[in-house]
Each structure stands twice: as structure tokens, then as C-alpha cells.
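Worksheet for the structure shown next.
As written, the chains take the letters A, B and C, and residue 1 is the first residue of each chain.
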Amino acid sequence: MRKIGTFVATALLAAGAGAANAQDKELTLCWAAWDPANALVELSKDFTAQTGIKMNFEFVPWTNFADRMLNELNSGGKLCDLMIGDSQWIGGGATYGHYVKLNDFFDAEGISMDDFLPATVYAYSTWPKGTPNYYALPAMGDALGWVYRKDWFERPEIREAFKAEYGRDLEVPTTWVELKEIAEFFQGREIDGETRYGAAIYTERGSEGITMGVTAALYPWGFKYVNTPGEYDMEGAVNSPEAVEALEFYKSLYDCCTPPGHSDAYMVANLDAYKSGQVAMQMNWFAFFPGIAKDEVVGGDVSGFFVNPGQNIEASTLGGQGISVVAYSDKQDEALQYIKWFAQPDVQAKWWELGGYAVHVDVAGAPDFPDSTPFAGEFLKAMDGVQDFWQEPIYAELMLAMQKRIHDYVVAGDGTAKEALDKLIEDWTISFEDDGKL
Amino acid sequence: MSGGAMESVADAAARATPKRVAGRLRGLSDRAIAWLFISPTIVLLLAINIFPLLWTVYLSFTNYRANQPGREVKWIGTRNYERLLGSEDVWGYMQATAHFLVWTMVLQVIIGLGLALLINRGFRTSGFWTTVILIPMMLSPAVVGTFWTYLYQPQTGIFSYIINTFVEVGALNMIGSVSLAPWAIVIVDTWMWTPYIMLLCLAGLRSIPPYLYEAAEIDRANALQKFWYITLPRILPFLMLAVLFRGIENFKMFDMVVELTSGGPGSTTELASINLKREAFEKWRTGYASAFAVILFVTVFGLASIYVKALNRVRS
Amino acid sequence: MSARSTAYSVGESSTWTKWIAAVLVIGYALVAMIPLVWIGMTGFKSPPDSIAYPPKVFFEPTLEGYVNLFTTRSRQTDEYIESLGPPETWYDELVRERNMVITGPSRFADRYKNSIVIGFGSTFLAVFLGTLAAYGFSRFKVPLKDDLLFFILSTRMMPPIAVAIPIFLMYRELGLSDTALGMILLYTAVNLSLAVWLLKGFVDEIPREYEEAAVVDGYTRFQAFYKVVLPQMRSGIAATAIFCLIFAWNEYAFALLLTSGEAQTAPPFIPIIIGEGGLDWPAVAAGTTVFLLPVVIFTVLLRNQLLRGITFGAIRK
């Protein structure tokens, strides 16, 4: 009992001390609470050792991340000096003045955006898209990929059963149709005395989950947000026959091959389903793959990784973030110092080593990179074909509309795929009209 | 943490008025004291309740967005209201709210009244068990919603497990299924708030003078007649009050349901307040959300006023 | 409570109807307690036990959930953990069994502290202002009294999210966003309406003759208030304070929207306790237990004041 007392007291004291002994120099970095964030805490110890600037961290779980942090930015809060904000926030961050423009700083410090993978610079740093106006340094590359139970895929009796049923070998799927067949095969199958299910896919309603999941199917079918790049002509693009087919496909995958109760699942729920041995495959961000490879149950040779399957084309849903300096911070100089330190090639190399996806060309472009881990090669393949959601300043509004329409159709079974996408165009049209873009 | 701590609040309130101030107050007229006592409350309520309300009404006629400070705020008349009232989705949220409101009230009245009648039989230890029954209503609704997601897990949750030990229905997907989710939130609310209805019914039962029953006894009234002609009319005002307060709260319901289902699956449990939060603090359509807020406020106010009229008729 | 319930029991309940009543009531109470008992138990389970099928009633208790609640951890390789040397404390040892290392305290203790500060701060203010206003309304002729009282009550009909929109804008201008002061003021305002109504009822019950006698004895009106009336109001104030405290302790919507890093209270924090790479149910259950336990104890200890507050408040209105 005394031990417990000491423990609680230590925790309370430590919490109190953090607030009380405010040192002269400290920075707060805000990000989502997930594996890479823990790696960043580890990495940042070097920064503190070199500069004496203490690092504080504010990590929020993904399902609340956008909500909480955008609220923080919109209220002009000074909580965060550095923000590793999601890729879609860049439009709002730049347009509403939440983020500091970094061009002058990059020029002065000799930081070149050519040193980072082009897809990540485009996605995480620039606004308006593709122009050399930088509001972030690419911090963490990420895309949506898949994890599968390699040990099951390799079992002779399972391989035989699969071949008997589908007339081909059980291999990593290269198209969504193959993926669904494999999922169907595992759905309800007894392995080691327990019932297993096909695949854990994203179905979360509240934040961005189901949109991220469904776009992983939409993009390979050839989905586009607009007919003409730069315009907002969505009719015929968003509800194209390919888009309708992809959406129907995602629903059929949800209906046939997910574990029971998988109706509000995002990253954490998929990890849980996978780690507890319920499913043969899960969709998830590459960011989690280092943790899975190290896991005490499903790590090592148990798990394999593959890039998002193609269908009509090869494409993946983009994740990942850039690191920005918050305009409301009183400590912008120290924050810039952190970015400068973070951009160094040796720091980037250690970042990758600790489990963060460094996108510096010296790291990710190195010849031995693809073979450095079981997923590094797949990661590079994914980054070749990444597509992102709207990055418009009003992205949150566009996202929530899509969340509703897709969830209403896929999970609740309301209406048809075409109707869902038609309604989505109506919602988006109103949003763009309100914003003066249409 | 017993009465002592609480009493010190009163002491502290007394102590908070030092002697010197009290001395200066000595000469004050009753009128001055009255205003001195009342005005801080009025000022605070004006600042934090009424001023914001008026501001909301103003915003509801504009296209204001709280996340775009530099944008020109335009007066757009009743467009927000037209959009809201013409939207099928909004009617869907209202229907979800109505389903939740009606069923929670029906179930809670039946169970709460039943419990009150039983407790009123006055068996030994009934006081203790009443206290135990009260516990759920004292808890934080958001935290309650959170842990019920755990209890409702279809495969590993105890809710589905217990139901299945009585009836074999298979894994119950309470939160994920379109047909069950609206009932999942009704069940949790009933679990939490039945004690409140029960408590007010008990207060009503105890206000009935025993001689009424003695008189009925002499007239050889049976138990049902006694309930119908004596008990029910006497407790009805109490019951109706309880329903009024719970009804207002459930019309505004946000915390428990948002943590439990976050409005899903699809939009089956997207109650009005949940959607209001999305519009106001996720989409940042402040003007539109303000109009929604005004509509909700007017609806509660209107319904409550009609109800209070009915209540007064019952009372008299 | 029990004394009163027997005193008012209806008619002559025969022994066997009492028995049936007792069985049904106790049965309901026990069923209603299952969720809470289950959560309490889950706090002492290991993460795998917490998601075992069928649900485990018997298990080997562990403090992992509580350790996870109060710490942040990161997953490390075996080599790294071995390089650290033997664990210094029992909780280090517990965490290392899962290939993790404690990286620091979690925010839970902070959030809990905020809940205490904001809860007690706002309760004190609401009761203090409410007592004054209640006395004013009860004893003096106030113009438009009924309108004012109705206005005070009607402020509770607004959905909290609706109130939060302008408050958010106002606090942003005033710099009150994410501050304990802002939250205390807000909770005070929300609680005041109830406090005034409850307390006015309690003051109305105290005969005016007491004060009049005191004034005859040479007390000023003001002295009469705090030397005669206030002591009589003690139990009423206690009942009101409990209500205000429970509201502030449990409140979620405002805390979610108006606080983030500094002044956030426990309710918005508990739902987002996640473990490394998965939802950590034992830690959530531990947090829930630590948060709910004071309220449960409160309810049992102060049930008489509570009951008085609930029924009295409702009937007055």
C-alpha cells in the first residue's frame, strides 16, 4: 500500500513540478498521441542536450486531434509553439495566419526543400498547392498501407484450402478484388481453435476515419475530386461511375469481411482487432508499422506489410504531417531553432531509426533504405502514388460532410452509393459557395 | 468530507464579509442591501448568459465564421434559418432526438414509479438500497458514456454476455447496428436517470396524508382503486415535474451520447446537440450554428411553456 | 432516510408484500450496480484480460491500469531495455514486462487537480453569490421580482453547446480561453440559477420573526443576516453546495470546447486515455474509478442533504 502511495505522490509531484519550475527556455510541441510521437520525445532529448531548451509535449489521440488543435489555433491559443499539424490543415494554417511562413527562414539557414521527397513537400509544406510558399517542414511521411498475418498466409493447410477455393496461390493482394477474396476466405474461419475474420478497415464516424478508409479504395478506382484541376467542378468527378463502384465495393467489404461490431473503428480499433488475433489483415498508417514489427505478440515474422492495392491505377491515401511554427507563440525563435535542428541529415537518420518516417532524401533516398525494414520498400512505393483529401481552408467542413454521407451509406445502409455521392456534391457545393470559391 | 466540510461553506460565506465592511453597511437602507445582494448575481448572469444569448441571435442572421477572423461579416437575413428548416438532415436529427426523449421518459416513468411504490412499502434497509440506486445519477455523463462503450463491446462486453446467458441472441452489436443503437442510448440514460424520477415520486408518495387511505379503507376500496383515486392524482404533479426537468435535459443531451456513439452508425443517434457541436466547433459555421441554437432554444422554451400550463391545470 | 420511509409507509403492508418489494428493489439495485462493479474490476485487470472472451470474472489482479493511467510510456527493443540496468521501482518493472519504458508522468494528475480547483472554486462562488441573492429575493421588495426569478431559471434551458458559441468568442477576446478563472466564472454562472432557486426556498422557510427579534436587540439588518439567518441556512447551503460541486465535477461540454492544455478537467480527458498502439481499457477503467469514487462516497455519506436538495429543488420550481 505504501508503495502505491509513493507512486501516486511521485506522479502528482512530477505533474506539479512541470508547472512550477518553469525554466526560462522551454517549448511545447503539439501532435497526435501515437507511436511516432513517443519516438519524437526520445529524439528531442538530443535537442535539449544541445541547446538547453526543455521540450514539453501535448499529444492528443487522433480521433480528437483535429478537433482539439484546430480549436486551439482558432482561439489564438499559446499552448503550442510547434505544431505537427495534419496535411489538410495547411490551407487554413496559411490562409488564416495560424502558421508562420518559413521561406525567409529556410533561405537564411540554407534549408532546401529539394532535400525532401517532392511528394511530401507538395503535400505538407506548400500553400497554395505546389507554389514555393512554405508553411511547414515535412516532418513525417505517411500513407495508408496494410498489415497481414504472414504466419497464416504461409501455413500449408491454409494455402491449400485457399487454392482449392479460388484457384490461385494465397499471396499478398495486388488489387482490391483480390484483397476482398482473401478477406472472404478468412472471414469466420477457425484457426488454432478461434474464429477469425477477414479485414479490419476504417469505419470511424466522428473525425476522419471512414473517409481515409474509403478513399483508399476510391483513389485506385480513379476517383477525382474535380474534373479540371484548380476548378471546383465536381459533378461527374466525385460521382463518376468508378467512384460509385469503389464506394459500393467498400461497403461490400464492410458487410462481408469485418469483425462483428467494427462499425466505428479507426487506427486504434484496427490495431486492437489485429493484435488480438481477430483479423487476417488490417488497413492502417505506415506510422504504426515499426511498432507492429516490434510487438511482443504480432511482431517479428508473424506480420507482413503491403502497399495499398491498386485497381484501375496504383494509388494510396496520404497521411503524414509537416512541422510548423504557430503564429501566436511567444517563442518563435526557439521554435525555429528546433526546426533547424530537426532538418539536419543526421537527426533525420536517427528519427527513422527510432520509428519516425524521415523524408529527407539522404535517408529515404539512400540505396539501402528500401531493405532497412520489412516495410520501408512498401512505404516508398506508397509515397509514389499518394493522393490527399481537400486541403482547402474549409477542409474540416468538407471532411465532416463526407464522413456523414459515407457512414450513412456504408455502415447504416441508407440509400445507394450514387445518392450518397450526389448528396456529397450538394454539401460541398454549398460549402464552396459560402467560401466564395463558387 | 462529511457535513463539517460543507458547513464551513456557510462559515466562510459569513467570514468573507469582514467587520469593517459590515460596519460600513450598517447604515444602509433595506433597498440598498437588496440591490447589493442581488446585483452581483444579475450582473454575472447578464454577462455569461443573456449577453451571449443576444449575441447568438445576432450571429444567426450573419455568415460569420469564428475561424476566419479577417473575413467580412455579412448580414444575410433569414438564410440560415431557411437552410435549416428546409434541410432533410436537420429533421432527421430532430427525429433522433424525439425518439430518445420519448422513450427515455416512458421507460423512466414506468420503472421509477414502480420502484418508488415498492420502496414505499417500507421494508427494512430500504433507505440503504435507495441510496445505492441513486448512485448512477450522480456520475459524469461523459464518463458514463465512455465506459458503456466498453460494456457494449459485441464480443467481449459484459452486456451482450449477460443477455446471452438468458436468451441466445448471438453477439449484440449495440452501438454498431442501426436498429439497436437508438436503444443503446435509451438504455444507458434509463440506467442513469430512473433514480431521479423514483426520488420525486417518493417525495410525492410521502406527501399523501395516511388518513386518505384510512378513509378509503372504510369505503372498502380495493388496492387498484386506492392507487387510481388517491395515489396517482397526488403524485402526478411530482411526476410531471420530474418529467419536465428530465425532458429539458434530454432535449439538450450531448455528453453521454457523443461519447457512446458519436452520432453513429451513420446518423442514427445524431441528436440535435451533437450536430450543433459539429456545425459550430468542427465546421466552424458559426452563423448557421447560431441559428440552429436559436431554433433549439425556442423549441425547448415553447414545449416547456405548454407543458407547464398543463402542469398547472393538474395542480389546481 | 430509512426512518422516514417506514414512518410514511402506505396502508398496512403485509409481511409478504414487503418481502416481494424488498426482493424487487434489491434486485434492481444489484443489477444497476453491475456496470460500476465491472468498471472497478476492469481497473485491476491486465490489458489482455480486459478484452478476453468470455468476460473474466476471476483474474489475477494487477496495477498495470493504474500505472498506465499516471504515466506515459514508449515501446522499446529488448536490447535497449537490458541496457538500462535493473528496474528501480515496482512500476518500472511492471511496465518493462511489456517491453515499455516510462517516459514521464501522464496528464491525468494535472486534469484531476484542475477538476478540484475549478469544482470547488465555482461552488464557493455560486453558493456565496446565490446566498446573497436568495436572501435579497426572499426578504426585500424587488421590482420585477417574479420576472427576474423566471429569467434566472430560464437560462438553464439553453443547450450548453449553444451557450458555448458566444462564450468561446467572448473568452477569445478577453483571453479567458483555457484558463481556470474562465471556467470558474462559467460554472458559477451556470450553477447560480439553480443555487438561487434552492437557497431562496431555504430562506423562505426561516421565520422572519428571528431577524426582527435580532433587530429589536440592536442588530443591524446586515448583522441579523449573517448572525441569525446564515447559521439557520447551513444545511440548505450544504445541499446546494453539493449540487453545484457535482455539476462542476461532471461537466463535459464546456470543458471540451473551452479548455485544452492548461485548464482541462478530467471528464474530457478520461475518454481519450489510450495506450501505446491500442485502447487501454484498464487505464480508462482506472481513471473512471479514481474520478467517480469521490462522488460515490459523497452520495453515500451525504445522502440526506442530497435527497433534500433534489426533491426540494424540484418542488420549489
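The criterion applied here is as follows: a residue touches a chain if its C-beta (ideal position, glycine included) is under 8 Å from a C-beta of that chain, and two chains touch if they have at least 3 such contacts.
Everything numeric in this text was worked out from a predicted model, so none of it was measured.
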* To do: Determine which of the two chain pairs, B-C or A-C, is joined by the larger number of C-beta pairs in contact.
  => B-C
* So which chain is the furthest away from chain C, centre to centre on CA atoms? -> A
* So, what's the distance in Å between the C-alpha centres of chain B and chain A? -> 38
* To do: Give, as an integer number of Å, the spacing between the C-alpha centres of chain C and chain B.
  => 16
* Centre to centre, by mean C-alpha position, how many angstrom separate chain A and chain C? -> 37
* To do: Can you tell me which residues of chain C touch two or more of the remaining chains?
  => 51, 168, 172, 257
* Quick one: which residues in chain B touch 2 or more of the other chains? => 66, 153, 155, 281
* To do: Two or more other chains in contact with one residue: find those residues in chain A.
  => 71
* Note which residues of chain A are touching chain B in the complex, please. => 66-67, 70-71, 74, 92, 96-97, 205-206, 259-264, 393-394, 396-397, 400, 404, 407-409, 411-414, 434
* Asked: What does chain C use to touch chain A in their complex?
  -> 48, 51, 63, 66-67, 70-75, 77, 89-91, 98-99, 103-110, 113, 168, 171-172, 177-178, 257, 260-262, 272, 274, 276-279
* Asked: Once bound in the complex, which stretches of chain A touch chain C?
  -> 3-4, 7-8, 10-12, 14-16, 18-19, 28, 33-35, 38-39, 41-42, 58, 60-61, 63-64, 68, 71-72, 75-77, 79-80, 268-269, 271-272, 275-276, 288, 291-292, 294-296
* Inside the complex, what are the residues of chain B that reach chain C? -> 1-3, 6-7, 9-10, 12-14, 16-17, 22, 25-26, 28, 30-31, 33-38, 40-42, 44-45, 47-53, 55-56, 59, 66, 111, 115, 118-136, 138-143, 145-148, 150-151, 153, 155-158, 161-162, 191, 196, 199-200, 202-203, 205-206, 208, 210, 213, 217, 226, 231, 238, 241-242, 245, 248, 251-252, 254-255, 259, 272-273, 276-277, 280-281, 286, 289-290, 293-294, 296-297, 300-301, 304
* Structure fact -> Interface with chain B, chain C side, in the complex: residues 1-6, 8-11, 13, 17-19, 21-22, 24-26, 28-29, 32-36, 38-39, 42, 51-55, 123-124, 127-133, 135-137, 139-142, 148, 151-152, 154-170, 172, 185-186, 188-190, 192-193, 196, 220-223, 226, 230-231, 233-234, 237-238, 241-242, 246, 249-253, 257, 267-268, 270-271, 281, 284-285, 288, 291-292, 294-303, 305-307, 310-311, 314-315, 317
